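One chain, chain A, appears in both complexes that follow, with chain B as partner in the first and chain C in the second.
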Partner chain A sequence: MSQLKTDYAQDLVLARKPSSLAWYGLLLAILLLIPHTLSEFYVGEMSFVFIYAIAGVGLMLLTGYTGLVSLGHAAFLGIGAYANAILLAKGVPFALSLPAAGLIAAFAGVVIGIPTLRMSGLYLAIATLAFGSIVGLVAEKWDSLTGGFDGFPVPHPSVLGLVITAPTGVYYLALGVLVLVVLVAMNILRSPLGRAMVAIRDSEISAQSMGINLALYKTVAFAISAGITGLAGALFALYVRHLAPDSFGVLLSIQLVTIVFIGGLGSLQGAIFGAIFVAQLPQVIAIVRDDLPFGIGRMPGLEPSLFGLILVLVIMFEPAGIHGRWLKLKRWCREFPLHRRAAFRRQKTYAKTDRLR
Partner chain B sequence: MDDVVRLLQLAINGAAAGCIYGMVALGFVLIYKATEMVNFAQGELMMLGAFFAYTFVSILGFNYWVGFVLAIFATAAFGYLLDAIVLRRVIGQPQFAVVMLTLGLAFIFRAVAGAIWGYDAVGFTTPFTNKIANLGGGLVLGQDNLSIIVGTVILCAVLYLFFSRTRLGIAMQASSQNQLAAYYMGIPVRTVFSLIWAISAGVAAVAAMLLVPVQMIDVNMGIVGLKAFGAAVLGGFGSIPGALVGGIVIGVVEQMAGYYLPAGSMELTSNVVLLAVLILRPQGLFGQVIRKRV
Partner chain C sequence: MSSGAEPMNGYFSARDLAMHFGGIRAVEGVSFDVRQGEVFSIIGPNGAGKTTIFNMISRIYTPSAGSLHFAGQDITSIAPHRIAGLGIARTFQNIELFANASLLQNLLIGRHCHSTVPILSQLVFLPSVRRAEVAHRRRAEEVIEFLGLQRYRDQLIANLPYGVRKVVELARALCTEPKLLLLDEPSSGLNVEETEEMAFWIDDIKKDLGITIIMVEHDMKLVTAVSDRVMALNQGSILAMGTSAEVQSDPEVIRAYIGGEVAPATGAAPGDVR
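Up next is the complex of A and B:
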């Protein structure tokens, strides 16, 4: 950034410039007004984006800041969704069932994290993939708990005496949780825990030699990430109102990972950008479906392959994602016409190897 | 007596399924050992191999054995180009970037295969389809399953001879042990990597050809890749015999689970084994624990 830091306190402030505080305040004000101006359809779509963004922030803490990839986060989303729905159906008030859903998901994260996080990050990816398919299958087979393929109707919760039925209710709820989660994430990132996570991402060996307990911090990061994703799942249950076990499969996990990769690893804004992109891509496909040449639009499996293609292109050509592109654009505008091409040249790190040797 | 025969039959059928997992796992391990990349699209390479074979044998009408060889070479060429065009560009990026890249490729392969060959399951007759080998003592097995086991043994022998006796095989071993040193010795490391991708894709094609008698070819057959992960982890990710042993263990356990445990446990087997291995013996059966030197 352009200004130099002269004080450690500057490292800890949440908003680096007063102007950014004002901009985010304005954004929040606009978002609060949206349900009063736009139609119900858009309000629903926005809440969907918020839910994805919550999950994206959760996964960003894990992938973007701790450097671990989880290919089974849909499982935590599903656990959160079913936990919330089942607790609500049992008559637990929403004020308790929402945090409980998050905690249950976080606990599942610890259970899966303890064995796998001792190994290299690769094992986590494989183990979470396996875990994701186990959870999906259990949700299908455990009829008495999840309703199997008949699905599970989600009861309408009440918050402060107001029954949440309209999309507007879910909208405000999701927005509130999103703001809360982002604030929590920002605070984690400026705490010793966040510093430890970033250190682990950049080099496990040096983090370890600085006295960071790798297994402990990785497990904590994984639990926090799973918990936040569980919260997103709880809201997702309210959003869809009817849970089906097959909606939490591998494809959803890939979508969640796509959020953080497309948004830009290592930035919370990136998680939001990515969520907007991933949540709205199916809508865009639906709109242009009939106008595409050669019947591409009616090809089955178009959506997953498009996600795959975008993922491949982003990793090959813009590893910093949308947020990185945005930073480049900002810098380009500021320095115009003195822009230097090499300012953002990618550094390749051949010396780094993940292999134990 | 009946029980023993049944157990033996289950074990051999399981071993046959396990050989397929093992071969796909072998593909992971070959690529991982050499390039430190994990190819999540290995199952999809097998799927492409099966469709290539279908094209040669069923659509173009070649003889089965000619189609076999052509399919292996076509898939191997595809693997070579995949590395040369796509994966070589991401060398030096973090490992998880490669993981995501291959996952993305897997989805693309599926869509492309669906667009070219359609989404219906297809198949073609092989010399082993629907033939029975009576081994005496009431033990009756399908030739299809036996052909898988025999094919795997032959493939392993060929690969073993290749890696231990040929110049290229030894060059591959060298580059997988130390890229820089291999490069200084005049080994064209990048070409060698692409060749390893080619071999790995070729192995996937062999697996596909052996699988054809027992399973229809369709776009989603790459799912086997997920089970093969269990095999690779069980064998200690990075050990070539381990991958095969792991595959066979998973195949046998899966058959037993399908027979003795309630429905649905068969699909869970490989994943449960995978997680259990990670909990109990994370280095796998044949893995070595090596600490990193700074």
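Up next is the complex of A and C:
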């Protein structure tokens, strides 16, 4: 099944099999051709998926790999969006404003990361939730900078002399940034940094005994995660064309958390799967809304409650998320007539100590 | 600042070590020296303070009083993550492996304290990072070979049997290239055969790799088989210190374990009943 390795470098390649490299190449080629074949609506929807996927990868590094739950990631998205829009409005070229938006969000990540270093689990979730509300309030009240509730119109950026107005431009930008971000995330995961993050997630106490500086690495994880989410925010600004402080509220934070949980914690593919799901669920709801019985479709709050319900169901029945399902499906196909039912059943582990917590 | 009347003559020295949790005195006035290259065992009934001493050495706890010296350096107030870099590695009583990573990944985390590549260069995976990674894998492979873990190399820890996980934890500690190894109950949860195998590993680590070992252990057969010296604790204080036979025949030790006058034991006598 798994090929034998004869060289240490084989352990470090990004794609294990040449065939998977070919599949990803094909996927990329199709994605590059999409704007020439599909209508503007689909191009816009795809860009939205890409933007969510970028933010999903950012949050996955923090929640899925470092084990730190953040309920305030919409704030980093907002910071990236406003930073990019404001810099563009001040005449900064897009080639600078995009990375600057990421860096500013990363700095905000450090600011929230340091005071929350000693927290984990529920306490961290609540602290980040509070941080998200604070950022939302600042965006509302600091109207000389953000335009407050009147919103902030995002100028058209120009890349290499081309002014980006059409959704196609945003599409290619988002796709490019997504590919870049995924590559960086893969590099992180095969480096000492990625291993330190996983170590902190699985056992802080032994991570520390292995020489991992918990404070440093948690802050770095926060910074990288926030920075990537900030990049997503910068693209989000171009996508929505008009920023309002209430678009970066708790609901968006929950959506981002839903991406990583539904996609499957601890998997980059999961972040992408989750982004497709979360970005497209509102569309699906819109399509079936009128056909639902008992007037469910006209109920207010249908979308958030569906997100909540799905999140609960996934955590209860498939904690490995869509990615876990996908792995099981692949395995089932491979073993088809000989598969054993027990291999697909959910496993529980009891050997976890709380002794030193 | 000298913290005791006796000179620091050991490779590793603890002086007047104390650990108080509120009103509970888990460890009180414990001093001992460990010589370079020996296996030093700490025994005692449950709650005697053995693991607390380990947690103080690996700086998870900060001692309430006393001092710790290792290789001529005061490590009493050093940051916990720097302990591994100084050459002190440990295993845990209840196995604290990274369960959702492969065996190799776990060992590579053990190499973390030798990782010097800057974080920014890891984001783009510069050639220097690649070279360092290959070097780490080579070192991890040596440990895999030393402990015979080849066939589990790419398996997830969560899928490995308990006995193998114990050895993996040992392997991860060895990957930090320690000078002093702290083993917290290496035989707990192991069957008789696995415990015998563990004795061989410990002996090999001492003789082939020249690593000094401090071990907390309940299985007196294992203690007798590998220890150069034994320290018996009860209720946070030292009861006896010496060779395994001396400590086991010490009347205070027997009283602490069994309570009352019992004839001195010969072989594997005062084991902890689980």
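Just so it is clear, the second predicted complex is superposed on the first by the 335 of 357 C-alpha atoms of A that agree within 3 Å, B and C clash if a C-alpha of one lies under 4 Å from a C-alpha of the other, contacts with A are read in each partner's own complex, and residues count from 1 in each chain.
As a convention for this text, a contact is a pair of C-beta atoms (placed from the backbone, for glycine too) under 8 Å apart; a residue touches a chain by one contact, two chains touch by 3 or more.
Since the model is a prediction, treat every value here as computed from it, not as a measurement.
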{"item": "Combined model on chain A: chain C and chain B, fit or clash", "value": "fit"}
{"item": "Touching partner for A:8 - first (chain B), second (chain C), both, neither", "value": "second"}
{"item": "Partner chain in contact with A:184 - chain B first, chain C second, else both or neither", "value": "second"}
{"item": "Chain B versus chain C as contact partner of A:205, first or second or both or neither", "value": "both"}
{"item": "First (chain B), second (chain C), both or neither touched by A:193", "value": "second"}
{"item": "Contacts of A:63 with chain B and chain C, given as first, second, both or neither", "value": "first"}
{"item": "Inter-chain angle, chain B to chain C through the CA centre of chain A, in degrees rounded to a multiple of 10", "value": "80"}
{"item": "Touching partner for A:213 - first (chain B), second (chain C), both, neither", "value": "second"}
{"item": "First, second, both or neither for A:123, with chain B first and chain C second", "value": "first"}
{"item": "First (chain B), second (chain C), both or neither touched by A:266", "value": "second"}
{"item": "Greater residue coverage of chain A in the superposed arrangement, chain B or chain C", "value": "B"}
{"item": "First, second, both or neither for A:37, with chain B first and chain C second", "value": "neither"}
{"item": "Shortest CA-CA distance in Å separating chain B from chain C in the superposed model", "value": "6"}
{"item": "Residues of chain A at both interfaces, chain B in one complex, chain C in the other", "value": "205, 209, 349, 353, 355-356"}
{"item": "In the complex with chain A, residue positions of chain B that touch it", "value": "36, 38, 86, 89-97, 99-101, 103-108, 110-112, 114-115, 119, 219, 226, 229-230, 233, 237, 264, 267-268, 270-272, 274-275, 278-279, 282, 290-294"}
{"item": "Chain A - residues contacting chain C, complex", "value": "2, 8-9, 11-12, 184, 187-188, 190-193, 195-196, 198-199, 201-203, 205-214, 220, 224, 266, 349, 351, 353, 355-356"}
{"item": "Complex contact set, residues of chain C against chain A", "value": "55, 58, 60, 79-85, 89-90, 92-101, 104-105, 108-113, 115, 117, 119, 122-125, 129-130, 132-134, 137-138, 141, 154, 158, 162, 172, 176"}
{"item": "Residues of chain A touching chain B in the complex", "value": "63, 67-69, 71, 112, 115-116, 118-123, 125-127, 129-131, 133-134, 137, 140-141, 205, 209, 254, 257, 261, 299-302, 304-305, 307-312, 315-316, 319, 348-350, 352-357"}
